[in-house]
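Each of the two complexes below includes chain A, the first together with chain B, the second together with chain C.
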Partner chain A sequence: MTDLADSRAESAKRRSGYALRPAASLTLAGLLIAVVGVALIALTVGAAGIPLARLPAALGLWADASAGPNLARDQLVLWSIRIPRIAAAAMVGGLLAASGAIMQGLFRNPLADPALVGVSSGGAFAAAAAIVFTDSQIGESLRFMQNQLLPVAAFTGSLATTVILYRIASRSGRTSIAIFLLAGIAIAAIANAGIGLLVFIADDRQLRDITFWLLGSLSGATWSKLATLAPVLGVALVACLSIARGLDVLVLGEAEAFHSGVDVERLKRISIVLVSAMTGVAVSVCGVVGFVGIVVPHLLRLVIGPAHRLLLPASILLGAVLMVGADTLARTIVAPADMPIGILTAAIGAPFFLAMLLRQRGLVSL
Partner chain B sequence: MILCRTLAISAAACCVLLGGAAVAAGVTEHDARNRDVAISDPARIVSIGGAITEILYALGFENRLAGVDTTSLYPAAARDKPNVGYMRQLSAEGVLGLNPSLVLAVQGSGPKEAMDVLEAAKVPLVLVPETFSEQGLLDKIRLVGHAMGADKRAECLTAVVTDDLAQLRELRAKVTKPVRVMFVMSMLNGRAMAAGRKTAANEIIALAGGVNAIEGYDGYKIINDEAIVAAKPDVVLSIQRGKDSVDAEAVYVHPAFALTPVAVNKTFISMEGLYLLGFGPRTAAAARDLAIRLYPALAPQAEKFAPAALTANCRQ
Partner chain C sequence: MTPILAAQSLSMVVGGATLVDTIDLRIAAGEMVAIVGPNGAGKSTLLRMLSGDLRPTRGRIELKQREIHTYPPRQLAHHRAMLSQHVTVTFPFTVEEIVHMGAGDAGRAAAQRLVDAALGEVGLAHFSNRQLPTLSGGEQQRAHLARVLVQLACGEALHGPGLLLLDEPTSSLDMRHQIDLVETARRRAQNGTAVVAVLHDLNLAMRFADRIVLLHRGKLAVDGGRTEAMTAETIRRIFEVDVEIDYTEQGVPFLLPQTMRPVA
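After this line comes the complex of A and B, so read on.
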């Protein structure tokens, strides 16, 4: 009886204030510190080799009287190459992890991931097509935007895939999540077949470009790319908080959520648009990076529970930590070359995830 | 199939009879797979690889070319020959359909399945070794000449090319301060793919008296932006790929290249792909042209060096 009363009080409290528990703010603060920590480590290493002693001066923290002739070069390397890349890694990681978390909440399926429902594949297919056809008539007519062609194609591909999926899954104003998921798998298969065809007709150089694109890399991150990432991340942060409660209630089932006063259709629309925009912009900046969207939310659910109010922002932060860490390795371990980051996110994320699963086995049911 | 074979054999026999002494029957060739290939009759050749086609033309065997691949772009007449597709994506049926009595393919041709079928079809298949070096170039010419039963013509061409390379060496010796060259194959969404060691680009840069700015890896890889700054290239070299070429402006505004002398001095060089990287008879000429672009001060001396391979007649 008291239990019931407690839970009532709890749910009333949730509905009215939905405040974060102290433990939750601690979690977020801890993750924020982790992001800053990883970013600082990332700042100190790189192929251009700026010694630690020269770093503060190069960052402009204090004017070092003994600043050598390298100062200008160090500053440029830091501010126009290393820092934008670290920031891009953090943002992309956050976007991918959050879109994974939203999608899993929406589909009530722990395996849902933008890659699974074909959003990433659609983007990758469009990017591969852009690589192969730049040399054709179509490419010629789009010559004026040659340097933007690839990111624009990737973003359009992701968005178009989502629109098609949404059309397929929607009927008289209702969206069937099961059909969305299944159609997504079919679309992913079509997109992968398309990529296969493009790989077949591509020449050597195009083939290399496609391969590297499919494995993802943050090489070539610039301030202008950050300018496209940042607004999406900002909107995502705000939107995350507004859909968090809806996603929590949705766990009970669509009908139940509807009766609890959640506008389920609106929730689905917002989530789908959000996920495709987040994935699209991430894919357009760094290609396809797998695993972040699945590993990060799962890891967090095991530790902090499934409440989206905390899970979504925490996913953004942990995604950033994982991505900055992986990217730091990507740009240092095979220097002067650049390792595709998709290899590393899987190589770092998966064993960690497995270890978590093994430790928690029997304690939690997924 | 049997009919085809019979036709091919009789056609080949006719050629042997008509061609007379020009065709030395029964040559054995040791190829890149470390195997001996018996060539009885090089009358209908499928040439796979731009450099091989160039050599065949230089040796005067264009009339025996039954087919070429898509990398055979020089001389222009080669583009009118029946085309068997891209060297790495050959279709065995397409090659066999041309009824070749000899297939000369550059090492790396494929896919392996297609090569296996050609092997099984008992068509003499010579895999020509691809090593990017002066010696490799001369060996390539000798090997193609030998397979054609035309050692004398090959000797003529190797002598010409050897002489060109020697003159190039003299030109190179005049370089006092070698420039650092980075060969950029493609630049995609701000990511540069650059040539490391063990590439044709690496070797042609060396032949032109330059230094490859990248020493840290082999082959073509995406290079780290910071590594571009650390490599300090003086020049960015690329190849023209139709509308798909690397754009000079894109290099100059790239955040990493912007920090190198390339952007300051606007030293982006683009040359024709097969000419620059093909490692055929025109290699010395390509290296000379590159050297002139790298060292404008050498131009007067370089102008005096007219590569003989472009004009030599080794056709009989």
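After this line comes the complex of A and C, so read on.
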């Protein structure tokens, strides 16, 4: 009864505009436990199920006689397929969620998302172009170079898109939200038209590769792709923390942030490069996956508040949880087939975005 | 005495229109200056140039004997604090978090003391944990004032008296809080801060400032003490309004508008 009264008092206080926030360390610890929990579940389920009891042996933690005949198969499934895939899902989720949070801070707009405003499409277009043109230019013998080329192409495409978007939406230090979203839609349309053209001229194998980019999937995750993701995530995490205070103060507007001592131009440059690198690398591994960048930071702001010092690392962790969860769902609901994860995140994320739009209609002027 | 701020021949031309035309201004430590003038006179543009935010088309601004644009942003923020007219916050930061933004890289404990003091001074201590976007316009303006006061205090602790710029600081405030703001600014000036405010309300400007800078069509029309600057004749010429000037018991002049003159 007291609990009920307490929770009612708390929700009344929250409604009246008071902030009730859990401690930062508690939030991060809780999210870390969630990452480990969801990863453990993801390790056990799939087309080839590995019961929790057999997991330690398969992971090589200790020898277990009962694992017996399944051990070799379990180890193969875990180390060649499942672990790289789960790790890639976690990293991609973290990168997408953090790049969403940075973009929202940069544009002072909770509706900004790299996938929504065409940054991911720009990356996917560049990657698709790389697939089609390098194939015909460099020939079969050099196809292995695509592994290195695709992340670079996706990053360049994302960077170009973000810079164009920022140039169009910002004028004398002010960013118009309406122009930003509309320009994003237009840029996404141009990128999609380009992708359409590439689809038109591509051969069957290239078509399969391009479709993978458009719908998003983690089925192609390999150890070598993880080697590209991990350093970007590491650098991004450090860079995120270095721009956290600047992004907080930027909420006051560019002029006021400058008055408060923030080097606004430098902050904008770092943010744009970070968003592009994080989105580009994520796109190069799993294609276009929408809405993670918008859902995760928004949910977190409701609970832990908008301060970026906590929001950015928490976004990386919650992004990892959601992406590993969504990918586990994607590879189990139609098993043994693999549902493109982009379909799943859009099916969950788009209604969430609409609900958010309706709820915030009063607060955010479009 | 060397001025805190010295502006020479400032001009701002945008798209062929001259918004500010060859203005000279020197502001000393401890001075309270009000910039007044009709709509479109160039008041806010001048203030944004003085803050280092806008680069003048021509002219030069020195803050503490150093060209203002040679300061890196963080260092500049130690020497001058500015409160802009409209600040909209989209994310649910609390009042306390917003005020903390003024503290920059100051130590946590020292910053907290300054934040508490500033919140108390603007009468928002009981709202420290409220989300800023849920407050009224006037309360938000006071929260931003508290933030700017924290920034000023941090800078002055390191480098001595600085410059406080206020753009229409009373636009959303009720009468009591307008007077509180004047008192707050006066306390700063008594400690040596140079305070410059753009104000619309001429009566408030005369109550606020020792010195009044009157702009008209981008030019400096009058610069002087409040009694000599604000004559009935000057106000009729520039604002096109007939006024009567009277004095309070403390000798502060105040205006009573009489009749409107038709615009020529």
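Simple rule for what comes next: the second predicted complex is superposed on the first by the 250 of 366 C-alpha atoms of A that agree within 3 Å, B and C clash if a C-alpha of one lies under 4 Å from a C-alpha of the other, contacts with A are read in each partner's own complex, and residues count from 1 in each chain.
To be clear about the criterion, contacts are C-beta pairs under 8 Å (C-beta built on N, C-alpha and C of every residue); 3 or more make two chains touch, one makes a residue touch a chain.
Just so you know, these numbers come straight off a predicted model, no measurement behind them.
By the document's definition of touching, of the two partners only chain C reaches A:Asn109; chain B does not. Shared-chain residue A:Phe258: touches chain C; no touch with chain B.
In the superposition on chain A, contact is made by A:Ala221 with chain B only, not with chain C. Contact with chain C, but none with chain B, is seen for A:Arg301 once the two complexes are overlaid on the shared chain. More residues of chain A are in touch with B than with the other of chain B and chain C. Residue overlap on chain A between the chain B contacts of one complex and the chain C contacts of the other is empty.
Interface residues of chain C facing chain A in the complex, by the touch rule stated above, are 48, 51, 53, 72-78, 81-82, 84, 87-94, 97-98, 101-102, 104, 129-131, 133-135, 144, 147, 151.
Contact residues of chain A toward chain B in the complex are 46-49, 73, 76-77, 80-82, 84-85, 131, 134-135, 139-140, 143, 146-147, 150-151, 200, 203-205, 208-209, 212-213, 217, 219-222, 225, 331, 334-338, 340. Of all residues in chain B, those touching chain A in their complex are 86, 88-89, 185-186, 188-193, 196, 214, 216-217, 220-227, 229-231, 241-244, 247, 250, 255-256, 258-259.
By the touch rule above, chain A contacts chain C in their complex via residues 16-19, 108-110, 248-249, 251-253, 255-256, 258-264, 301, 305-307, 363-364.
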